[in-house]
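Got a structure for you, questions after.
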Amino acid sequence: MTEQAIPASPIEADIETFGALTDKEPQKPPRSQWKDIWDQFRKHKGAVFGGGFLIFITLGVIFGPWLWDLDPKTLDIRNKNWRPVYTLLWDSDAKAGWAHPFGTDQLGRDILSQMIAGGRVSMAVGWLAMALALIIGTAIGVLSGYFKRLDFWLMRFTDLALSLPILPLTLLAVTLFRQPLNSSFGPEGGMFILIVGIIGLTSWMQTARIVRGDILALKEREFILAARSIGTTSGKIIRRHLLPNVISPIMVSATLGLATAIITESALSFLGVGFPSDFPTWGKLLADAVQRMQDYPERVLLPGIAISLTVLSVNYLGDGLRDALDPRIRGR
Amino acid sequence: MLTFTFRRLILSIPTLLFISFIIFGLLQLAPGDPMAQVPLTVPPDVKQKMREALGLGAPWYVQYYKWLIQFFWIEPKIFIDYLTNTSFLLGWLPDTAFYQGELRVISWQTRSPVMDIVVQRMPQTLWVVGLSYVVGIVIAIPIGIYSAYKHYSVFDQAGTFITMIGFSIPPFFTGPLLIVIFSVYLGWLPSIYDTTHVVTDWASFKVQIFQMIMPVMVLALQTTAQISRYMRGAMLDNLNQDYVRTARAKGLREGVVVMVHVLRNSMIPVVTIIALGMPAIFGGAIITENVFKVNGIGQLLLTALFANDLPMVMTLTFIFAILIVLFNLIADVLYGLLDPRIRYD
Amino acid sequence: DGHSGERGRDGDVKILYWQAPSILNPFLSGGTKDVEAGSLVVEPLARYTETGEMVPFLVTEVPTVANGGVAEDLKSITWNITPGLKWSDGTPFTSADVKFTAEYCMHPEGGCAQGAKFQGVESVEAIDELTVKVTFENPQPNPYGPFVGGESPIIQAAQFADCLGAKAPECTEANFNPIGTGPFKVVEFRPNDVITMEANENYRVEGKPAFATLTLKGGGDAAAAGRAVLETGEYDYAWNLQLAPDVIAKMEEAGKGKAIAGFGPLVERLEMNLTNPSPDLPPETRATVAEPHPFLSDFKVRKALSMAIDRELLTEVGYGKAGTPTCNLVPAPALYNSDNTECLTQDIDGAKALLDEAGWTDSDGDGVRDKDGVKLAILYQTSTNAVRQDFQALIKDWWSQIGVETELRNLDGSVFFGGDPGSPDTFQKFYADVEMYANTFNGTDPQAYLSAYRCGNEPKPSSQWQGENINRFCDPAYDALLDELAKTGDLDKRGEIGRKLNDMITKDTMTIVPLVNRARVSAHSNSLGGVALNVWDSELWNVADWYRMK
Amino acid sequence: MLDQTNTGPIAQIQGLRVEFQTKDGPVVGVEDVSFDINPGETVCVVGESGSGKSVSSLSLMRLVEYGGGVIAGGRLLFDRDGKDQIDLAQTSGPDMRRIRGNEIGMIFQEPMTALNPVFTVGRQLTEGLRLHKGMSKRQAESRALELMNQVRIPEPERRLKQYPHELSGGMRQRVVIAMALACEPKLLIADEPTTALDVTIQAEILALMDRLKRETGTAVMFITHDMAVVAQMADRVVVMFRGNKVEEGTVEEIFENPQHAYTKALLAAVPKLGEMTGKAFPEPMKLLGSEDKPIVPIEGSEEVLLTVKNLTTRFPVKGGFFRRTVANVHAVEDLSFTINKGQTLSLVGESGCGKSTAGRSILRLVEPLTGEINVGGKDIMALNQRDLRTARLDMQMIFQDPFASLNPQMPLAEQVAEPIHNFGTLKGKAIDERVEMLFDRVELPRSFMRRFPHELSGGQRQRVAIARALALNPKLIIADEAVSALDVSVQAQVLNLMMELQAELDLSFLFISHDMAVVERVSHYVGVMYLGRIVEIGTRQQVFENPLHAYTQALMKAVPIADPRKRKDEKDLNFKPIPSPIHPAGYDAKPSEYVEVNPGHHLLITDCGY
């Protein structure tokens, strides 16, 4: 038997034994919850990178037009088909220069400014459609998980939504709502609302299912019962107790949702039912450039990289936020 | 379990009827005209006659009713006839001959029964889309397992990175890219899928493999990205469970612990997710099929849509709805079968 | 070099149509893809060559007034069938089949897509086994509608006997595998996918076709089709490559095949709306003659819009070798091509001056001209198509230079060209100021084409928005000239009237602003010989003459 | 007992130090622990939660690595076959696997989760046998059958083919024991094998282990925080505190002459059955460190607050094609009792007997089928949903699991303030003051107000739950197993706190528990439940000092006593498994009839299924 370190005096040990009863440490200045979240968030390198890139690209597309003031719609047919400046590195004869750092397209429109303008639309469509899908999905998931009576019908409704074909739906929506939307939001704004609406309305189902599953499990947890016993109303239970606890699957859906929204928009453009032709989006720039992929690979690569990096950084950002928002992980 | 399945099956009938009604309504409201592909040189009065010949003049409820009868009564009769007549499964039964030549669901584009075309398209869709699903899963599962087991390792990070990229690149980009590389520059693979190709021997089998590689890979990329994420999540959930410690305390090898105990539990949610993805296989992959000219169900739907071939669109969409409802049910039943803790009823 | 030899000596030929044929009976589908695929199997009595000349196919000679085949009063035409012709099933081809074909298409419930070909036909009689006489209700200066060209081939009476009228769509077997007299017969037809054919052993010409089998694959897009022929060499022939010229040129560099172009009367044009499409108007009068357009009814505005356009550049950007700038609605055949070239030079300053002169000035300084509170703001719509969108962008740019604001819109082709009277987006409704699309006519005679612009032929609510006078053009002088054309049999005289009509609708009124005379571009591999691109008839019209170069 | 030839210790832990790498740097799980285990001996390791008991045992199995731990120092000598000693801390992976499960077996705390839910019991039982003993499938199965018999599982053949969830908790724990014993290990590590179980089952499992140890001669390292269990099982005791060993000795030494202050505190905190004999009213425990507080019995009043009459709650079991009710779970059957103001009524009974359902039915958190509930003159059964919510102002509930009953995503202060917000009893700053007051009241430092549940220990969390229950000044608190999940020392604190509050605020408690010793400590009245019915009810003295019903007597007997000289024998224990409370839809449950044996002491005379 080896000697154990025995606390100096029994009294000290006693106090320690019941340490829970008194403040062990001096009162720390109150910590802000948001500061904690930020501290935890900062630890996640991927998230910081993702967030940084996202801010960069968001600021880029918002303020880009002031820094790079070429109009993406201006045609300059004499200067068509410029290559990006970096081609000068290996091919000094290439038609390239700093006047159009990313080159120009077949009608001489500046690609950099198109990327900026396209990014605005793509990001906006992505975020809004994702947000819409999340709101609908979460609402339906929560309602059907929480209220047993609604469950059956809401889930059948989800089945219905899953089986609706997006293409005819788009055409239908365009016919029914284009005119009124156009007159109140302008042709581009109107189409924007339509596209966001359609993508949002056709991609909430996965979220709804996952949220429902989680709510069903959470509902059985004792703290929900506890909340009911202290007189919390259903609405408050959902808002205060259930929703914060399904943040994590919602985050995952959000990540995938943004990617899907950006890609769906581009697929719609590819199939010819998207935005007006002179209204660039990343997806459309990519789709339009596929034909000339061999000669001008940069025209597919640039928007492709922009989409991928955005999706990737949202993914990492989502990971980081999920960790940061969960106090259990944050505490570690 | 059996009553549960049976009950859900019965309940799905009104659901499906409702869905069919909604789809029909949407398609009726949607703009578009089956005469759009007729050249402008054809005068309007001729077009009007053609339109009338398609039965477009009848009120919507008559059209809907007709479709319902055709789809739910006449087509099944033909199917049963086929089963008892030509299929090798039930061919020994006496020929039922239920079908008396009633009007079937006829496509406006081809003026032929929709179902015949669907049946014709099934093989290539199942081959390409189905195989890509299988390939995607086969790749995704080991990636998911290993990523979860080596959580936050370089492999995990790289896996996340690559799968997310795979997820964020649309097939209308990867498709032509592969074609340019493998068909144009290298000349290894055909860029056009031959749907009439029949596998008879090794050489023709190789041809079949060659023509499937690219479309399968493009589609598998998407599947892999999603399934591996789910797999990783499920594995992570289970790796920290108490029973894993128990298994280790028995002295089992790590391989057995992970691949038998953890994997079996993690597969429960993943298998149901895989089942939920199945209808998409039958639905084809619109863009990829188009890029590689694998004329399957997806391409059929796309051409039907652009030609405003309503009976075709309606039938395809509705078959898709049936599959979704069915596989929802299958996923639920699978969940119950795989997880002994869950018992319906 | 393979020009001659025995039938089927050259194995397989592979043809790629990026729009897949869905039926082989051209009477049930007006779609080009279907008509052309059908033309491999079923043939008309006579058809046009690549130069637009009519040649006999199943008859001994083309009937004319000169050889007595056409009656002096232009009210009937008599065809003499070549003796000894056989269907691919070996049965003899007779005048009964011809008569039946007419019956089939003229049946009121059949919904025949080629009904226009048989318009004005009073009766079709089989005089004897090999003689058919078509009688018209009125004198027909151009009696070559029925049984001429790929759109009205002869189908076999025996096969289609039970498929008349409402039963037509139920004859799936016949519609998918028509028995014909053409060089090939169907082995398997997979709708919207692929057709496999083999040489017709009863084909009337010895040693033709050179190919034993033919595969016609459908689906994909034009770029992929071009790639498969020009870059990978997997296919022999690709149909209708609607691609930017630089893309095609790049593909040709691979050296596997070449692109070929053929010019016909296909013209890409701007259509000016002479009526007011404003959404504020009630649906009964919106875009109808009751409401003239606020500014496009001013000739000078239309003229200025046309002057601002650089057609050379448009052609270069959009079509390259596959297009020529034109100012004419009927640029071909040469007989009808007016010498109207004024519009070919862009004149921005002239356009500005013209607008100033007409009183359209930028009075409020927003860069857009206006007059009496009406702004020159144009809604410019077309169908979704990469080249058209480039055109839109360029034209918008030029118009903005002369102080005209443009809003672009592109619509899905199936909606835009679909005549659904319920949809606000069809080209007939014309709920826009300017529309762009291409149109052409069948055969070599433009009479019907030009007749579209008759007063009263405009789409309107009372006609369910049907009608071909898209611009809502109305000029009694024009109508009178049309009547004269209908009575004139002499070709030179017809040419003169035709040119005058063309000028009236283009140069004189700028109702239609032609942009580019578009060629049909197809591609064939270097090893495929005998291809003669034909824009007056089916592209596959002479497939019997195709052969493999050795 | 010591009939082994080799007399040296089978395992020696020397200066063990285990560290965990966390995001915030290394955390020490075990600082410096040394002790030996001799062959055939039971060494009990005791200590509060988090003191490093599990980590020590997992180190011995080298399983800590899988949880991210590293053995940073010390030696773990293990005696293989009496020949060579090897240092487990240095052993390679493959060798370690041969030892694990084969020479050292381990039983885990949670029988519910320790078994893989998707494999049959038989499969999991034979796995180790086939691996270590190279048995064929057949051989392994017959050995498994033998083991099942050894751990006294009825119908072993059938059980082998069942899945873990089809077995009751006690049976599952037996399976885990059988699994650990399968290869006849020389050392058996049992990490809190009975903590999650009922008293009756606990008694059985303890007796079983004792018997097996005697029969097979394995050495046992037994980890627990329950001193009563220690008294029943141990030969020697090791006391751990905050990662260190503070004391070691034979069981008698430790219980009769504890040296270290912590040990003393621990022993003082253990409620012992029979301690309250002769006292009419409950009184707080005398805890070390609070000796100066006077101990005042809590009398309460005779004024009736809650009356429950003929309360029946059933859960329908739906089935068949039309999902009709085919059977009912008779969770609570004809229950009647009253609670006086400022007094405590305890409901005791085995798991599944309907205690929780009874408590929830009173709050109408589950809807009772019939019966009367009257709180302070208000007829609860007659209220509509809105009035019911208001009625809950007077009745609050504390739940068993302090981990599950607090929302993990919400700061504590908000959770305590939530009922106040819900009913708007206070506004603005008054809320903050009230919350601060409540934290003071339950003796939690105010700095905890901003914390999240996971940052607290179990006892602290339960205090938060109590604070929340107090927030609305209720008259009645239903404490559903409120202290069952807590460490003894913490449990004692919480119990004392509850009693203090009762004395001070005149609270009434419905105290639900299966721990007889705790119940004896806190109750004025006790009701013993069996299969949804109260079989015996009376004052605490009546029920504990004169148990009349056979079931009550059996229950009493099962309670382990924290005295090493009063060990129980397996023979004394005689429990039948509880019959199923599920009856077909038309089943007619007989009303309960009682005789009043003494004034206030009622005994069920109709059949209750026992």
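For reference, chains read A, B, C and D in written order, and residue numbers begin at 1 within each chain.
We adopt the following convention: contacts are C-beta pairs under 8 Å (C-beta built on N, C-alpha and C of every residue); 3 or more make two chains touch, one makes a residue touch a chain.
In UniProt terms the chains read A, B = ABC transporter permease; D = ABC transporter ATP-binding protein.
Everything numeric in this text was worked out from a predicted model, so none of it was measured.
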Steps needed, at minimum, to go from chain C to chain D via contacts: 2
Between A-D and A-B, the pair joined by more C-beta contacts: A-D
Interchain centroid distance [CA atoms averaged], chain A (ABC transporter permease)/chain B (ABC transporter permease), Å: 27
Inter-centroid spacing, chain D versus chain A (ABC transporter permease) (mean Cα positions, whole Å): 45
Cα-centroid distance, chain B (ABC transporter permease) relative to chain C, in whole angstrom: 38
Averaged-CA centre spacing for the pair chain C and chain A (ABC transporter permease), given as whole angstrom: 48
Junction residues of chain A (ABC transporter permease) - those touching two or more other chains: 171, 174-175, 290, 294
Sites on chain B (ABC transporter permease) at which at least two other chains make contact: 31-32, 176, 184, 305
Contacts with two or more other chains, residues of chain C listed in rising order: 223, 412-413, 415, 423, 425
Touch list for chain D against partner chain B (ABC transporter permease), complex: 61, 63, 66, 97-102, 105-106, 108, 110, 113-119, 127-128, 131-132, 163, 165-166, 176, 179-180, 318-321, 323
Chain D partner contacts - residues on chain A (ABC transporter permease) that touch it in the complex: 1-2, 4-7, 10-11, 13-18, 20-25, 27-28, 30-31, 33, 43, 221-223, 225-233, 236, 240-241, 244-245, 247, 326-328, 330-332
Residue numbers on chain C that touch chain B (ABC transporter permease), as the complex places them: 16, 20, 22-23, 25, 28-32, 108-116, 119, 166, 168-172, 175-176, 188, 190-194, 196, 215, 217-221, 223-224, 227-228, 231-232, 234-235, 254, 412-420, 422-423, 425-426, 428, 437, 439-442, 448-449, 459, 463-464, 466-468
Touching residues (chain side chain A (ABC transporter permease), partner chain C) in the complex: 73-75, 77, 81, 106-107, 109, 171, 174-175, 179, 183, 187, 272-273, 276-278, 288, 290-292, 294-295
Partner chain A (ABC transporter permease), residues of chain B (ABC transporter permease) touching it in the complex: 15, 18-19, 22-23, 26-27, 29-32, 157, 160-161, 164-165, 167-170, 172-173, 176-177, 180, 184, 226, 229, 286-287, 301-302, 305, 313, 317-318, 320-321, 324-325, 328
